[in-house]
Amino acid sequence: MHVKVQEERFEFGREAEAFAAGCAGAGAVVTFTGVVRDADAGGLVAMEIEHYPGMTQKALEKITADAMARWSLADALVIHRHGRLEPGEQIMMVATAARHRVAAFEAAEFLMDYLKSRAPFWKKEILENGSASWVEAKEIDEEALTRW
Amino acid sequence: MHVKVQEERFEFGREAEAFAAGCAGAGAVVTFTGVVRDADAGGLVAMEIEHYPGMTQKALEKITADAMARWSLADALVIHRHGRLEPGEQIMMVATAARHRVAAFEAAEFLMDYLKSRAPFWKKEILENGSASWVEAKEIDEEALTRW
Amino acid sequence: MMDVVYFAWVRERIGLPREKVESTAATVSELVAELSVREERYAAAFADLSALRVALDQELSDFDASLEGVREVAFFPPMTGG
Amino acid sequence: MMDVVYFAWVRERIGLPREKVESTAATVSELVAELSVREERYAAAFADLSALRVALDQELSDFDASLEGVREVAFFPPMTGG
């Protein structure tokens, strides 16, 4: 199990390759990567991600350990960045390895749903016109948790 | 959209990185990789994958195009190997890119479910004791298609 | 005259990967019946059609389908890719 | 004496990330009530509790929870990670 909270960029391909190589007996490996998009309207200049340093690592470790146990994963990885990110930069990734594909997919979706609504990160969008606004939590992200 | 049917190994990390870099505006990228496991009992020496050369590329392109349209994907990738593979080798991968995570996950699961049961590949397991047997299709893999 | 191709254990049981077949069968089922009476190995391969799949000109099809205009018929077990 | 920390727009509205608070509040709700009467910026930040989340000693909690033995209280909007 690997949980990293960091400001620096990470190399998605290298992380994915190392993760898969580390659990070759697993059969099924799923990864998810979140990328900073342009805002839907009015060009996004940057995304600023604030977090709660004392709590973040613990919260991610708890969520990841829950997924490991529930789906009997061979391994799991979570990387989440904070600080200032520009469009096209990768915000975070998760990876899961299991004997069968259904478990690997479900565990990755579970991790994403919990990260979205239970890990202490807050996103702020900085637009071209200089305005800045906190991203609001979505109802559907909260509802997604009821699946688990 | 990228569909490759090949005997050679592929580098999962490099393919994943290139795929993600090619659709940076997408927001969400999901990958799945299948790895040759040891057999549950009686050590597996190799997996031989037979395919139907005239049909394979077309069948994969059709399935991938269906996923692209249905989930409005920014991009999709399928790589599937054939020939002789040893435990630990990667058999295949899929990758999907979409604006939101639910679409990227669903499209990747759809691709996997269809690849399992509708793409013309057949796996044969070669065991340590010299015996060889064709992997039987699983009822649950056929049932998985009813979800779509 | 059409090409008939076999994969996986169907190929092994029949003992060859591909052959040319002269047939007046109108449907896949009729072709299966013609082949099955040829030799025991065909009868063995085609004994349980529920364990077989068929593709016509490289598209999945079924045993009721017409062979009119078809150039390549493929028989194989359920796929196990992924 | 406990540490009270704020994140995202709660931090911006109150105007500081962290402060020490002397309080006899037994629950989170009582602490919120005490802070809200201090100054308008607190009242503004705590106006709608349904838009807020609270963590006690770095574990998610709720507004009814007891503050007994708690050293750090955090207030913030619903999280938006991932």
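Read from first to last, the chains carry the letters A, B, C and D; within each, the first residue is number 1.
Everything below uses one rule, namely that contacts are C-beta pairs under 8 Å (C-beta built on N, C-alpha and C of every residue); 3 or more make two chains touch, one makes a residue touch a chain.
Remember, predicted model here, so these are calculated numbers, not experimental data.
In terms of the stated touch criterion, chain B and chain C have no partners in common. Each step here moves to a touching chain, and the least such steps from chain A to chain C number 2.
The greatest centre-to-centre gap from chain B, using C-alpha centroids, is found for D.
The geometric centre of chain A is 23 Å away from that of chain B, both derived from CA atoms. Annotation: 49 Å between the Cα-based centres of chain B and chain D. With centres defined as mean CA coordinates, chain D is found 72 Å away from chain C. In terms of their C-alpha centroids, the spacing between chain A and chain D amounts to 26 Å. Touching two or more other chains at once are residues 82 of chain D. Chain B has residues 34, 101, 112 in contact with two or more other chains. By the contact rule set out at the top, the touching chain pairs are A-B, A-D, B-C. Residues of chain A that touch chain D in their complex: 34, 49-52, 54-55, 58-59, 80, 91-92, 112, 115-124, 134-137, 142. Touching chain B in their complex are the following residues of chain A: 11-18, 20, 24-35, 37-38, 87-88, 90, 99, 101, 104-105, 108-109, 112. Against chain A, in their complex, chain D makes its touches with residues 5, 7-9, 11, 55, 58-60, 72, 74, 76-82.
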